[in-house]
Structures are given as C-alpha cells and as structure tokens.
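Quick one: structure below, then a few questions.
Per-chain residue numbering starts at 1, and chain names A, B, C and D are given in the order in which the chains are listed.
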Amino acid sequence: MSRKKIFNDPVYGFITVPYGILFDLIEHPYFQRLRRIKQLSLTHYVYPGALHTRFHHALGALHLMQQTIDVLKSKDVQITPKEEEAVCIAILLHDIGHGPFSHTLEGALIDISHEEISALFMEELNKEFEGKLDLAIKIFRGQYSKNFLHQLVSSQLDMDRLDYLNRDSFFTGVSEGVIGYDRIIKMLDVYDNELVIEEKGIYSIEKFLIARRLMYWQVYLHKTVLSAELMLIQVFKRAKQLVQNGMALPVSKRLNFFLSRNFTKKNYLSDRKELLENFARLDDDDIFYSLKLFEENIDSTLSFLASSIIHRRLFKLEYSNIPIERDYVDKVRLKVASMRKMFDISIDDIVLKGVEANLPYSTSKEEIKILFKSGKVLPMSVTTDYTIQSKIVKRYYLCYPKV
Amino acid sequence: MSRKKIFNDPVYGFITVPYGILFDLIEHPYFQRLRRIKQLSLTHYVYPGALHTRFHHALGALHLMQQTIDVLKSKDVQITPKEEEAVCIAILLHDIGHGPFSHTLEGALIDISHEEISALFMEELNKEFEGKLDLAIKIFRGQYSKNFLHQLVSSQLDMDRLDYLNRDSFFTGVSEGVIGYDRIIKMLDVYDNELVIEEKGIYSIEKFLIARRLMYWQVYLHKTVLSAELMLIQVFKRAKQLVQNGMALPVSKRLNFFLSRNFTKKNYLSDRKELLENFARLDDDDIFYSLKLFEENIDSTLSFLASSIIHRRLFKLEYSNIPIERDYVDKVRLKVASMRKMFDISIDDIVLKGVEANLPYSTSKEEIKILFKSGKVLPMSVTTDYTIQSKIVKRYYLCYPKV
Amino acid sequence: MSRKKIFNDPVYGFITVPYGILFDLIEHPYFQRLRRIKQLSLTHYVYPGALHTRFHHALGALHLMQQTIDVLKSKDVQITPKEEEAVCIAILLHDIGHGPFSHTLEGALIDISHEEISALFMEELNKEFEGKLDLAIKIFRGQYSKNFLHQLVSSQLDMDRLDYLNRDSFFTGVSEGVIGYDRIIKMLDVYDNELVIEEKGIYSIEKFLIARRLMYWQVYLHKTVLSAELMLIQVFKRAKQLVQNGMALPVSKRLNFFLSRNFTKKNYLSDRKELLENFARLDDDDIFYSLKLFEENIDSTLSFLASSIIHRRLFKLEYSNIPIERDYVDKVRLKVASMRKMFDISIDDIVLKGVEANLPYSTSKEEIKILFKSGKVLPMSVTTDYTIQSKIVKRYYLCYPKV
Amino acid sequence: MSRKKIFNDPVYGFITVPYGILFDLIEHPYFQRLRRIKQLSLTHYVYPGALHTRFHHALGALHLMQQTIDVLKSKDVQITPKEEEAVCIAILLHDIGHGPFSHTLEGALIDISHEEISALFMEELNKEFEGKLDLAIKIFRGQYSKNFLHQLVSSQLDMDRLDYLNRDSFFTGVSEGVIGYDRIIKMLDVYDNELVIEEKGIYSIEKFLIARRLMYWQVYLHKTVLSAELMLIQVFKRAKQLVQNGMALPVSKRLNFFLSRNFTKKNYLSDRKELLENFARLDDDDIFYSLKLFEENIDSTLSFLASSIIHRRLFKLEYSNIPIERDYVDKVRLKVASMRKMFDISIDDIVLKGVEANLPYSTSKEEIKILFKSGKVLPMSVTTDYTIQSKIVKRYYLCYPKV
C-alpha cells in the first residue's frame, strides 16, 4: 500500500525512497557494493564508532536533496518532476566510483579520481536503464542549463558536504562537527540560476565552515588516523611493486588486476570494460583480508607493515607547521635503522615524510552566495565580519615506527 | 540511604548535589527566587522554548564544576575538599544577584551590576551560615591564592559560559550553538596556578568561540529579541519617570521601591538592608504582571508600550554596520509621528536608536591559555591558524513601531 | 520570498507554518495567551526544565499533523486542501480553552472542561474570520463525514498525545517517556474511514502505551508534583470561599470574576460573552502573582498555603495501593493539629486525602486499530502478546504539611 | 600528564580508561580482534547503521560499570579498589569469546558457547598477566563471596544488557529501544549482598523490559535479519559438510580448522591450545571473504547461498504464531523446486523452517529485586501493576527463496 521504502537512519531518523528508478538503483549490485566500503577508511582505529559506509552516506545525501527540493519548490523555484528525479539520481550515485578504503587508496591502487569512475558507472547504468540517467549525468557533469542543480550535487555547499559532515561527526562522536544542516536547507534559494543562502543564514554558513575545518584537523587528518592510512598506502605500494616484479601474491583476482597494472588518465578508457568489471567487485574486505595474508608473506616490508596495521601497532606521527628539518629526519632514520634488526626493510618504506594541506573554503573557486533582503547577492567572503579562512593551511609530518 | 539529591536536567541528564551546605543553599528562598527569573528575558518571543531559568543554569554550572574538579584531580592538581566545596558554592551563587528579566532590566531598574548584588547576597548568606561561605567569597572575588579556582568561576572559559552556551542553544533549539563542553572539560588542566587547555583541545576552543559569537547575533542580539527588550526597558524608564513625578502606579511594594529610587554605586551600600529585602522578593512575575496593569493606565506612553509587549506587537528593528544617518532617522520619526494619532506620546519614547557591540573574545583581558606537549604555555590568540575575532563588532540599530 | 513562517523548536528542530489563516490564528491574542500558560502547571518544581507552554505544544501538534497528512496522502488517502487546512486549524486550537495552570485549576476555578471552552473560542474566532473555521469546528466536534480526521485530533492515538508525550519527556528530561512518534506517523493509514496502524508498527504502539503509563506515574502524578498541585487547588478553593463570603481580595478583575462566581454546565452559556472576555485575559501570571498577594493576607489558611507554595515548602504526600485507613488519617490529623499552633487553620484544609486513577489505554472506548498485511483490521488489544493495561490503576493519597 | 585514555563514543560521549591493566588488556590482540566482530552480525542489511562492534560494546559496558561502582560507593557499599578493578576486567572481557558474526554462527561453526570460550581466553590472559585476573575470573564465574559483583556482570539487569540495548538502538536508529540507563544506574543499590533497585526506579525497569522485548521483535528477530542469518548458517553448514566429505575449500587456515572439526563440550578442552590459537585469529573478514570465494565454487548450494547473501537477494521469511501447516510447507517446497531449475540443490537446504522463542524476563531465574523505602525487598514481578511478560513467546517461521 505504501509506495515508499523506508530506511532507518540514526542521523535523520528515517529516509524514505520512492519505489521506481531510485529504489532500483539502490538494489543494483554496483550500489550494494558501497555497503562494504567504509566512509572513513581506518578512522575507526581512533574513533571506534566510525564504521559507517558510503552506502549510508549516499542515502543520507539523497535525503537532504529531497528536503532541499521541497524547500526550493515552496519558494517558487521551478523544478520539474523529471529534473527532481535526475538530481536525486545524481546525488545518489555521486560516490559510486569510490574504491576500497575510499580516499586512502585512491592514488595507491588506481590513479584515477573516484569522480571519473563514478561517471563510468553512471554511463554503464544508463545503458542498463535504457537512457533514463541521461539528465542525471548531464547535471552531474555540470552540463545542464539549470546550473543550481549541479551546485546541489557538487559545490562548496552541496548535499554531499552537508551529509558527510553531519554523518562523520555523528559516528565519530565528535559532536563539535555537528552543523545546522536543517537550518541551512531552509535558508537555500535560487537567484539568477545560482544557489544562494538567505541573509539570515549567514551565521549557519560560518558555523558550517568552521565545523568543516575542525573536522579536518580533529578527524580526517588526526595524527593517528593519518599514520594508519599512510601505513596502508605503503603496504599497497609495496604489494604493487612486488607483483610487478613478478612475485605472486595470494590476493583476489580483482585485487591482483589492480596491483599488476598502472592505470593513468590516458589509458584507462581503453580498458574500461575490464576495469569496471574488476572494480565493481572490489571492496574493503579484499583489502583487509589481503593484509592478513601479507602478514605471513616472506617479504619483510610487506609482512611488517601488514601485521602492524592488523594489530594496531601504529607508527608515531609528528606534525609541524614548518618543513621538518633534514637533520631531525636523519636522526629519526638512524634510530629506526639501529633499533629494527630487520636489515631487509628499507628505511624509505617506513620513515615517511610529507605534507597535508587543508583549504576549508576557497575564494577562488565558485563561492557560496548570500542573498540579501534588499535583493543584492554577494559572495560569502565579503559579507561577514568573521574572517573567512581561505588560505591553505599546511602541516608537515614525519611518520615512523615507535622506537 | 542515598546521600545525594538528584535533579533531572534535559541538558545533562542528571545533576547530583550532595546533601549539606550546597543543598541547603539551593533550598534557601534567595536561591529559589531564581526559579522565577528566566535566563533569557523575552527571548522566548522568538524562540518559544527559551523559558529556562537562572535556577536551572546555576545548577548546570555547578554540575560542570563538579566534573571539572574530578578531571583536574585525576591530573594531580591539588584541590582540598574545602576548596572543592567553596568553588562549588561560588559557581552556584554566581548569578544570585540577577534581577527580573536578567540583563535586560539590569540598568533600567537599578543601576548596579548583578555581580555586585550577588556579592551582597553571598555576604548575607555567609552570616546566616555562620562563616561557611568565607572561602567561596574569596574565590568569587579573586582574592584567593589559587587563582585557577577563580578562573573556573569567572574568566573567558568559565563554567558559567560553558553552561549558558549549552543551555541556551538547547532550549532555543539553535543547535549550532552547541559546544563540546565535555571535551573541553576533559582537556582542562592547571599550570603555574593558571587554568590551561591541553594542546589537542585547541579546535574545541575555536569552536566554543565561534559558537559564542553565533549565539550573540542569532539569539542574544536577534533583531526581534532586541526590539522586545528595548521596549521593555522603555516601559520601565517611563514608569520610573512617572513614579518619581508623583504618579502612583499599582505595582507591588518591592517594585515600587525600585521605581521610586535611583541607586548608584555610591549610595547603594548605605541602604543595603532595605535594598536586599526588596530585591529578594522581586522576580519576573512582578514585571510581567505590572505590564498588564500598565496596559490600562491613563498614561498613553505607558499603556501603548505595555500593551504592545503583552500582545507581541513588536517594533520593527533595523540593523546597520554603520551609524544610521540622521536623515533616515528623521524620516522615520516623521512617519511614526504622522501615523499615530496619539499626540501625547513623545516620539523619543518610541523611536529608539543605539548601538550594540559584541566582542566574542578579548586579547586584552586575561586570555585562554594553551598547554603544549612540549610544556610551553601560550595564549590562544597566537596558537591557532584561525583568526581570533578580537575586535569589537558594532551594529547600529533603529527601532520603531511598525507603520 | 519564503511563504512560510519558521519557528525553532528544540523538540522537532523547525516548525513551518504557511502564511494565511493558520499564521493569522497564531498571531491572534487568544492564541498568544497560550504563551503564558505552562503545559505542566507546577511540574517544574520537580523537573526544573518543564516550563514549556501550551503555545509550544499547539505548534508541535500542528507540526505532527502536517507530517501525518503528507504520509496519508502518499498512501492515496483522499484529503482535499480544504480538509487539510481545517484539520490543521482544529489541532492548532484544540487546547485554546485551557485556563491558567492547565488541568490543575480546571475544576477549582471554573467547573467547565477546557474542551468546551475551546469550542467557545473557536466559534468566536469563526465569527471574526467570517466562517472560515466552519469545517475545522465540525472536525473538532466529530461531526464531519471523514471520521479519521477527527481521530487525528482526538482519539487514543491523536496528534495531541503524540506531541505532549514527546514534549513533556523532552523538557522534564525523563528520557524514558520518549516515543517513536516519527515511526508511528509513518505507519499510519486510513481504512474504511478509520485511522489504522500498519502491522509492523505494533511494537511502536506498545511502546507508546507503556511510555504514556510511565509518564503518568513518574511525572504527571509524581508525588511531589501532585502535592504542589493539591496545595494550589486548595488555595483557590479558599480564595473562592472568602470572596463569596464577602472578603475583597486584591486580585485582578478577571481573576475576581471567576472567584466570585460558580459556573456550571447549565449556566455558563448565558454569560458566554463576559466569560470569554475575562477568560481570554487570564493566565499563569494572574495566579502566581495573586499567590504573592495572598501570602500577606490576614486569612491564615490563605497565607499559609500561598507562602508554602511560593517558597516551595511542599506538603508530604503518601501514596498507597489501598484506601488509607481512617486510623492513620486521624493520627496524621492529630499530629498536624498539635504541631501547628495556628488555631485558625482548619485541619480539613491542609490534610488532604483522595485518589488518583490512571487508565493508560481503554478497551471500552474506541480502540487503536491495526491493519494487517492480509487486509484484516483488528483492535490493538487482541493483536499483541503484550498484555494491554486496560484496567484502571488507582492510587490513594494522603497529603499534609511536613511535621 | 593525564593518566587516562579517552575513547570517543557517540553513545556516551567519552569513555575513559585508566592506564594500567585495563588499558593493557584493551591493547592485547585478543581484545583488538573484537574490532573485527560486528555486534549484530548481518543486521546492517536491514538497519544500515548497525555496524558497531563487540569492541565498542565491551568499552561501553566497562563505562557503565565504572559509573555504577561510583554510585554504589556513594551509597556506602563496600567495594575495595581490587574488587573494583576485577569487576571492570570481568565486564571488559565478558564477550571476548565471541566468534565471527557473534551469535549467528555460534552453533554452526563451533558448538561451544561464547561464555565458555571467554573463560578460556581469560585464563590464557591470566597466565600472561601473571595471575592478575584471578579475582576477575572468580567474579565472572560467580564464585566470589560478594554476589552482587557477579550480578553486575551477568544477571537480568547487568551492564552487558544495559549497554547493548542502548548501543543497538542507537546504531540501528530504532529510538524506541532507548532505555533510561543513567536513571537505572542511579537507582542501583546493594542489599543483603544482592543487587537491588530503589523503589522509585520501578518504572524505569518496566521500561527497560519492554524496550528489550521491542528490540527482540523489531531488530534481533526482524524477519529480514533472521532470513539473512539463517542463510549464513546454511552456507557454513554446507561448507562444513563439503570439507568433512573431503572437498578442499579455499578458505583461511583458521577457518578451515573449524570447518574440518566438530567440537563438542566433551572434547574441546583437550585441543584447547590449538582451538584458541585459531579462534584468536578468526573474525568477520574471514567469513565474508570466504563467501566471495564460495560464490565461484562448483557446489551449486554453496555458490547459490553465498551469492544470494553477498548481493542481498534475501529469502522471504514468513512468521506465524502457530506451527506452520505441513500442507503449506509442501506447497512452498514444490513451488521452489519447480521454479529453480538447479536440480542439484536440495530443497532441504533452501526451504528452512523453525521456531524462534523470546522470553524477555524470567521469573524462574534470579529476579530483579526492588528495595522499598520501608526496607522490604521484593522481586520485580510482584511489585508492579504492569503484567510482567514472563511467558515464552514463540514465532514459527518458514524461509525460502523468493519465487
């Protein structure tokens, strides 16, 4: 009798999805795969509740999209039922190209952005659904005349960000990341084909920006989280090296496919079918299970790193606001070298240095726009007495085994 | 059997108070009076849930104090049982000198700060409790050797602020004002007799500062809230004028006491006993009930203002970042004058202009201090890549009857 | 631009009300009066957060009604825009006839139920709004053909109950009273012109019934709450007696109006205009302020009771599952008589005995109905393996000054 | 400086663990393994948020234990620091013997209860920690003189139940399962060496019992959850059969160990060392990864079941209050047989019938006890006017592929 599917969600209570193409897409194996891809990779090593998946995030973003559309329509913004369905499809599928461990392994396993793979999956699904995703794909790519629809899917204030900040702060328990998403949505409007925020929502946007910044340093780039993720990247770099040097690793065929090849932006489209087929079957389980197998491998680097991750013997990570001095790095390298009697592990593989940068809000990219009661529209950065943080903040790190 | 009194609190769940002097102070009529003083004056005209009282706030601040003391003791900060009790008394009573409608009428009814009256009440209670408040009073006044105890009661990061931000955002429903009070408390420590925050709490402090700023503009200085409060002040200024010119107003004796006199910092101590006696019986009910009586008064200004407040016909309020031009003010005055046929209301009494200023964080006052792992202690403003807002933000306003 | 008014609500986040008659009714002084009538009378003496008003409750019930209508329409239940508006008006105004201190003084001040006075107010408003409330009144009275609309306003599972359980548990902080209102609403449907619950909502209904029962004993009939309310009733019974015996009490005219008359179901319609006029201006402030005046009255009973309430020196209340024995009552009366040296207070006025009954769910009244997937509809009481509590639970009490 | 480790927990905010043996146990690989064992098996197929682990649950139960001990000590219950540590260890480790997919596979993989394996692990750890777990083990086994300590770990009102109801309702989003755990804890006391609840906590206990019952039918035995879990059991029964018939399955060594043997209560102690070694390395990943391998197996039953689980093509499950009639079962079997052309799958392996029973509260086992103000102690079932549900509720089911 009821024509809607209801999902329970601790964050929003209930998410309702109309039966039809949206529900069918959710049922599709491509989308079900997202059940096995955690939103935040190894963050649960620090925040044990952060086990939520891309599946749940995509449903959440869909939920916010539905609410937003209702608000916009109540303000006489013209959105046809076809456009409504399309923008809902676009947000539902925006992350479908994410691979195992989300961003962490995005460069290490396959050097193509998840957005590009999302686009591949959408095209594939479009064939299967006989062209019904045409408009959704246009919107996703920013090629549709009503630009604000694309902005709802991808901009500095899109449904993606609203949901992930919300959801990540909920499941990590970092309550300070909580944002006033419902208030922000109520303040959304469209002006001159652009998404805008009503004047009285300005403090909510400030709060949203500061929350995002806080989540970066307190969660996404938390030193222990970063350490675990760097170690994971290191394992798979090593595995790739070994496989490409001819060693057989007892991993799944689909994982082996990605270990044995180096995709680049130039060549990936030629192998598109094989790539998708393998990618569509790859998830967190393949990765974590392979760590267990690596633990017993004869290659010391591989087994040392894998074992350390599994049993949570994480490396120490030091952050610094300025580049770390060569002298200090050398001292650390020496200490590590002297203490670990495993002569066959290269220090370069376990003393890791680099830099993390964070730009919570960009004033060069398309800005968030404020609509004043007077009818004027101004970019966020000139409308607030809060100094918008638009410079890149850099943190240099050195990461190495506890000695 | 249980030796603690439990209060239900929607904000923290339960607040437990040990039987003994703390409980006895809560039972005292001076403290029970706070049940009849709303924390946020007329804010409930905009945020209907904001009916919480100074009574509940004081209990909440006490609760946070207890948690903080536990944390500090677990970090080997020396706090004796006597000091613990004293600092708890100090925070419990910190607002006991608030009069009806809290800050709103603080200047209009009696020109002495609530802190000074709190101090009077404490001394009075100290007599009644035979000197048991000696240490609490010393701490409250900043005269005790362990300075950090005073800072817990009154500083830029005290239990007062932590509770009121929390509580006000809870009851208004402005979820964006929520702060990570529990995390902040866990990060507190004492260094060199000063309250400090551990390094990893730095983002929580930033969040606390931005939340406070947001609450100022979104709640405390919300244009409709300010309008209602300006009108209330105006009523009582007028009432005072009338009484002092010899008109008898049918208000309670205690209210009449304050309408007929002008206390100043210089003279109030001489009438101290009478002042306290009357003050101790004065609460929101006296004020709101008198509005109902004023509504029927023959003085047009008094009745117009009182009636407008009661029936929520609030004045329009315009904010501006620059001083409002004289020309514009004159135009508004003319419009108001022409439309209201009540020749006997002075335009000065109903066209109100002024300025509100907000300084969310002061770098000139004693700063919040950060304790680094290295052992270094630095003031907040130099430790963060977030640009601390330490300049005063001013908003000019013009407030007048809707025409 | 936006055509909806937004109210902040800590319980639901935001409540949106379309501009038009609903908003105009909210602005009306009759409705604004509800801002000054606490939902739970003196319950805040035990649960300090319980200061919420009938105003907020009515908005909340409206909010749930809007959600319910959306759900029903999505299930193809036919509801016209006119019916939608009418049922929203009916729920918005369902409590508009509540007097000060809600249920507590319902019998003591005026012996007519609040439902009847609500109906009077609705008719008055209908005149003012030129017949636009016709359908709402029909629905409110159960005289409209679509019976389920009335059930949404008044039944064992109406929007009133859903909101008040929710709201009362929220503001008291008794989290155990929380119900799955959103899930219940999603499970609502209409079958054969009757409101029904889908089969899989059955546990949510059980939970709703047990939560309601819990709230009765833990909050509404909490012994200290009951004691405070019995004392309040007693004060006004005494005041009425004194006034009707010719003593002038310095209360407001409107309060005096009700103290000096005894309305009955038979006579109240004849004085309807005067009654409404006075009732419309009466609120909690009149009552509490009069207590302060009574405190200084020469009648010992009046001043003793008033003073005890104001300073929260509440009577002891003992509950018993069986009628309290006459011997015990006599002993208590003797003790009270001996200890209080005020010979002029009648023991009957301060040793109070009676019985409170609670029937959380009635199987004799129209039952909650369950709709099975098979299409069958059965009353709740025969569909669950949880034994529905449909017998009246009685608690006898004795209430008297602490001796 | 701080001597406590802080864990973020979305349920309780923060969990603090003192450094020392408790922290060391958490760091141990045996305990870290619980990070990879979901609390609720495949429940996330219905409630996508239910991905929380035994690791988090154990920390949560520890947190509640610490709060309980504080409450008991404030009521003058004698608990020595040694006992406090021991009871904390006991609750921390109470689930350490859970295997992959918790209860689901408890019978299918190894026919020994998780409690017995928990005991084995504790003994092993006791050796490693040189006898420091002696007292914890005594308490866990109910062999210590202070019986109430055992009751805190295992009884009808233990910290285990309080945490899992809380946590499961939180992560599923079934808010109706929420219990007043903090209120319950505040009402705990000890009388005559037994855990008791103060009289005024009686409604909270009722609520706890009804919430537990609700969670059973709405979550733990939800028809789709049960279907997924029955299918999982079926896969591993089949795998065991195949392995024991000589087929080599490409599973991990540790999983193979359990597939190839049938442990019984009688024989498991003889192989204790090998059993523990293998068990200690087995987790959810082994199981789910093996499903992916099974999907490609030549055995049709194995591949059909595995593939159905992975891609969430779950069987239909019908519940009935009475045993399902043989005729109906036969009809279903025929239909399934006719539609699936795979002659090599035995109908017995995919048409599953059985019964689930639920006893939310037992009056035969040691009851929850209520302590009255009078000093009397009575079992819960005789003290409430709510009819305690102490009879077993049975639901018969039939589960089969959608045809």
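Throughout what follows, a residue touches a chain if its C-beta (ideal position, glycine included) is under 8 Å from a C-beta of that chain, and two chains touch if they have at least 3 such contacts.
Please read these numbers as outputs of a predicted model, since none were measured by experiment.
> Counting only C-alpha atoms to place each centre, which chain is farthest from subunit D?
Centroid comparison gives B as the farthest chain from subunit D.
> Select, from A-D and C-D, the pair of chains that is joined by more C-beta pairs in contact.
A-D
> Using mean CA coordinates as chain centres, what's the gap between subunit C and subunit D in Å?
For subunit C versus subunit D, the centre distance works out to 43 Å.
> Please compute the C-alpha centroid of subunit A, do the same for subunit D, then give the distance between them in whole Å.
32
> Could you list the positions in subunit C whose residues touch two or more of the other chains?
13-14, 174-175, 183
> Which positions of subunit C touch subunit A when the two form their complex?
1-4, 6, 13-14, 16, 74-76, 182-183, 186, 189, 198
> Considering the complex alone, what residue numbers of subunit C touch subunit B?
Residues of subunit C touching subunit B: 7-11, 13-14, 27, 29, 32, 35-36, 44-49, 51-53, 55-56, 59, 170-175, 252, 281, 285-286, 288-289, 292, 311-312.
> Can you list the subunit D residues touching subunit C in their complex?
By the definition above, subunit D touches subunit C via 174-176, 178-180, 183, 203-204, 206-207, 210-211, 213-214, 217-218, 385-387, 389, 393.
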